[in-house]
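Below: one structure, written as C-alpha cells.
A, B, C and D label the chains in the order they appear, each numbered from 1.
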Amino acid sequence: NRPLVLVAGPCVIENEAATLRHAERLMSICNGVGIPLIFKASYDKANRTSVTAFRGPGMDEGLRILAKVKESLGVPVLSDIHSIEQVEPAADVLDVLQIPAFLCRQTDLLVAAAKTGKVVNVKKGQFLAPWDMKNVVGKIRSCENENIILTERGASFGYNNLVVDMRSFPIMRSTGFPVIFDATHSVQLPGGEGTSSGGQREYVEFLSRAAVAAGVDGVFMEVHEDPERALCDGPNSVRLDDLPALLNRLKAIDTIVKQA
Amino acid sequence: NRPLVLVAGPCVIENEAATLRHAERLMSICNGVGIPLIFKASYDKANRTSVTAFRGPGMDEGLRILAKVKESLGVPVLSDIHSIEQVEPAADVLDVLQIPAFLCRQTDLLVAAAKTGKVVNVKKGQFLAPWDMKNVVGKIRSCENENIILTERGASFGYNNLVVDMRSFPIMRSTGFPVIFDATHSVQLPGGEGTSSGGQREYVEFLSRAAVAAGVDGVFMEVHEDPERALCDGPNSVRLDDLPALLNRLKAIDTIVKQA
Amino acid sequence: NRPLVLVAGPCVIENEAATLRHAERLMSICNGVGIPLIFKASYDKANRTSVTAFRGPGMDEGLRILAKVKESLGVPVLSDIHSIEQVEPAADVLDVLQIPAFLCRQTDLLVAAAKTGKVVNVKKGQFLAPWDMKNVVGKIRSCENENIILTERGASFGYNNLVVDMRSFPIMRSTGFPVIFDATHSVQLPGGEGTSSGGQREYVEFLSRAAVAAGVDGVFMEVHEDPERALCDGPNSVRLDDLPALLNRLKAIDTIVKQA
Amino acid sequence: NRPLVLVAGPCVIENEAATLRHAERLMSICNGVGIPLIFKASYDKANRTSVTAFRGPGMDEGLRILAKVKESLGVPVLSDIHSIEQVEPAADVLDVLQIPAFLCRQTDLLVAAAKTGKVVNVKKGQFLAPWDMKNVVGKIRSCENENIILTERGASFGYNNLVVDMRSFPIMRSTGFPVIFDATHSVQLPGGEGTSSGGQREYVEFLSRAAVAAGVDGVFMEVHEDPERALCDGPNSVRLDDLPALLNRLKAIDTIVKQA
C-alpha cells in the first residue's frame, strides 16, 4: 500500500535548459499533489519510425544532463538503455534502468542491467502476453536482483493501433513486483502517420484513471510544456498545465482503491 | 451527472422463485448502496455454444415472470430480444429492450425495437469499432426514438478471448447517449471450454473499477447466488455476496470522476 | 478430390434483367474454365452499415428472380436467410441456404435451416475461432442433416479490418465437411468508410490463390459487370472481365494441390 | 521472375558435425528439386523465453562453423545479428545479415548492417504493419545499400498466437525488394508453453503453399533431422525427410503463379 508514483518527463532530452525547466515544474507539481516523482527523459531514441527523425543528444551528453537534474533537484532519474555497452555508464547516473518494450526479451541486456543491482523497469512488449512477463522477471532474478518494475504500454491490436488490456495489471502484479501504467505510449498509433507515430493525447486521462482504478503502483507519462513543439512524441504527450488536475483525480481514485 | 446505474440479474431465468429471490436480494443490495437497479434476466439464450445447453423458459413464460418481478418489486426490467416477432410482446412488459451483440447490425430488429418507443440498449458487437456505433444509433434515431443506451462488452482479441478497450467509453459517449459497461460478458472466453464459453470472474472487479473511473453511466453484471450451480454463464457471474463491497467501491470512484 | 467449385454472383439482386445477365455470363465463364458454378445473390441485405443503404428487392421478389435464374440456366442457387420465417419459402427455391456470419451462432436459425434437408452453408463469424465451428456443425447434425458447408470470410483484426488465417482451412476441414473461402468479404474493411464498409478488391486475387493452395473445396466471390456502379459491396467485388484469368490460375493451383 | 529461393537450416548451431550434416542434406535436397539454397543457422539465440534455455555456441565459434559450411559446400550463409559489435565479424563470413523481428526498428543496427554492403534481410516485427516496412527500407537505403530482403513471420493476434496476413506479400513487394515467407516462425505460439514457445509444425505446409501462391520470392524454414531432439524451436521445425515433397509442391505452385 505504497503511495502512487509518477514517472514523468519529456520524451527526449531536447537540451539542458529545457530538461531542467521541465524537471523543476514536475517537482513542483508533484510536491503540490503529494505524489513522489521519478524523472524520465531519453538520451537516444533508438527506434524512431524514420531514419531522419531527431534522436536526442546521445548517451554521454544525456547522462551529464540527467546527473545535473538529479543533483540539483534531488529527484531520482530514469532512462532507457539499448545495448550492453550503455549499461555501465547509465548505471553510474540513473536510479532506474529502463528496458524498452521491443527489447524486453533480449536476455543479455536484461542480465547486464540486472547485474548492476539498480532498479530495472521493463516495458512489456506489444507482442507479449502479460503472464509471459514472469519469464522476463526470471531473467532478472537469476542475477540476484529483486529490484524490478514492470510497465504496461499497450498490446498490438491490428495494425497501427494498441489496446490496453486492464487484466494485465493484476496478472503482472501477481509476480510480486510493482506495476506501472505507461499512459502516453499506450495511446500511440504506431507508424500511424506514415513516417511517424500518431497519438491520441485525448485518451490519456481516461486510460490513466482506469488503470489507477484497476490497481497500479505508478503511472508513467511523457509530458511537455508545449506538446505541439516537442521534438518527439508530441501527439501523445500531456501538456504540463493539464497535469495537476489529472494527478489530483488519480490520487483520489488510488486512495479509494487502496482502502478496498 | 446522473448517478451510476446497475443493470444486473441472473444470466437466464431459471424459474420463478429463483428469479424473484435474486431480484429481491439485488433490490436490497442496491438500496443499501444507493444505486438505482435495472433488473436483467434472459428468457431465451438463443446462441449458446452447444445445441444441448439450457436455454431458458421461453418468451411467454419468461415475460410472465419478469412482469411479476416488475409488479411485485417496482423495479424496471430488461431482457434480450432476438427477432422481430418478439418485439411487441416484449415491449408490453419490458422497460428496456436489449439487442444482443451479434445482432447489433440487424437493421430490421433495431428498427422494430426503436418503433416501440421503449428504451433500446444495444450491445456493441465484438467485431465492431466503437465509432461505428454511431451508425447503429442512426438506425434507431431514424424511427424518432431517442431512448438509446450503448453497451460495451469487449472486442475480439485473437481467438477465444476478448479485450475491453477503455477508449470506447468516451468514443461511444460522444454520440450523446449513455454508455454501460458489461463487466461479466467482457471477461468471457468465448468458446474457450470447447463446448461452452469460459469466464474469468476474478477480473470483473478490476475491469468494472477501471470502467467507472474511465467514465460510464452504468455497469451491467450477471450475478448469481451460487455461480457454480448457475445454468448459464456461471464462470463469469458475480456471487451476490460479493456485490455490496464492489458496488460501494464503484460508487466512490464514480463520485470522484463526476466531480472532475 | 472433388473439383474446385465457384460460388459467385452480384452482392445483391439489383433487378431481374441484371441478375439474369450476370448469371449467364458467369455460366459461360465457368463452362469455359471447367469449374462448377453455384449462383449467389442476396434478396435482402439485412445488416448494411447505414439505415439508408439499398437493401434489395425483398424476399418474395428476390426468390422469384432466383427461381427464374435456376429454371432458365439450370444452375444451383444460393442466398442468405436471416430469420426462421424465411427458411421455408427460401428452401422452396434455393439449393443452398446460407447463414450469414453474424448469425452463425443463432441456434434456432441453424436448426430451422437444417430441418429443411437442404445444403446449409454457414459463414464463420468474424468473432469465432475456426475450431469452434465444430459446435455449429453439431447444431446442424443434431437435425440429421449432413449437407453442410463452412465458409471462411476473415476474422476481426483490430478495428475496421479483417485478416484471413489460412490455418482455418485445415482446421475446419477436419470436421469432415467442405470448406469455402469467401474471397471478397475477406477483403472488406468493415465500417471503414464511415457510413459504409470499404474494400480492397486488389487483394482478392492474392488471397484466393493462397486459399486454393492451402486447400479449399470452393471459392466464393461477389462479382459485378461494373463494380463502381454496384448497389452493394462494389469496393470489394471482382470485375467480371477479370474473372476468367483468375479462375484459370485457381484451377491450375488446385490441380497441383490435389495431386499432393 | 527469379526462381523461388529456400532459406533453411537448423534453428541454432548445435555443433559443427550436425551443422555440416544438415547443410549437406539440404544442398542435396535443393539440387534434386532445383531450388537455390541459402543456409541459415543462428550462433546465438538472444531472446529465448527462459534464461536457462540453450543459446548456441556464441558468435566466434558459430561464425567459424558457418565459414566452414560455406567453404566446403559453396552455399551462401545467413545468420542473425543482434548488436552493432557483431556486424563487422558477421559480415566477414555471412552473405546475408539477418535482423531479428524484435530489432527491426533499431536504427543503429539497421544502419550498421547496411553499411557493410552485404544483403540485409529484415524480419517484419510481430507488431508492425506491412506498409510500415517502407520506413525500415528507408533506413537501409539511406546508407546506399539496395541489397534488401523483407521477411514475413506473422503478426501478433491476441496472446500467444500469430497470424499470417497474406496481404503483406504484395504490400511489402511494392517496395521493390524481394519478400520471403518464414513458414516455421509463423506457426510459433509465442510463449505458448509457459517457459518456451509452442509451435504447430502441422500448418507449415498449408501456409507455405499459400504464401507461394500469393506470391513470394522465397521461403524460410527451420528444419531438423529429428525435430523432437532439436535444442531450439523443435515444435515448429520441419523434418528433413518431409522437405523434398513439400519443395516440389511449392515449386509447381510458383511456376503457375509466375506464368500469370
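We take it that a residue touches a chain if its C-beta (ideal position, glycine included) is under 8 Å from a C-beta of that chain, and two chains touch if they have at least 3 such contacts.
What you are looking at is a predicted structure, and each value in this text was computed from that prediction instead of being measured.
Look at the contact of subunit C with subunit D and you find the same residues on each copy: over half of the numbers used there are shared. Between A-C and A-D, more C-beta contact pairs join the chains of A-D. Computed centre separation for the pair subunit C/subunit D is 36 angstrom, with centres defined by C-alpha atoms. For this pair, subunit A with subunit C, the centres built from the Cα atoms lie 48 Å apart.
Between the CA-based centres of subunit A and subunit D the separation comes to 33 Å, rounded to the whole angstrom. For subunit A, the set of residues touching two or more other chains reads 155, 157, 159. Note for the complex: subunit B touches subunit A at residues 155, 157, 163-167, 169-170, 187, 200, 202-203, 206-207, 209-215, 245, 249, 252-253, 256-257, 260. The part of subunit C that touches subunit A in the complex is made up of residues 157-159, 161. For subunit D in complex with subunit A, the touching residues are 46-52, 55, 82-85, 102-103, 105-108, 111, 125-132, 135, 138-139, 142, 155-156, 159-160, 190-191, 195.
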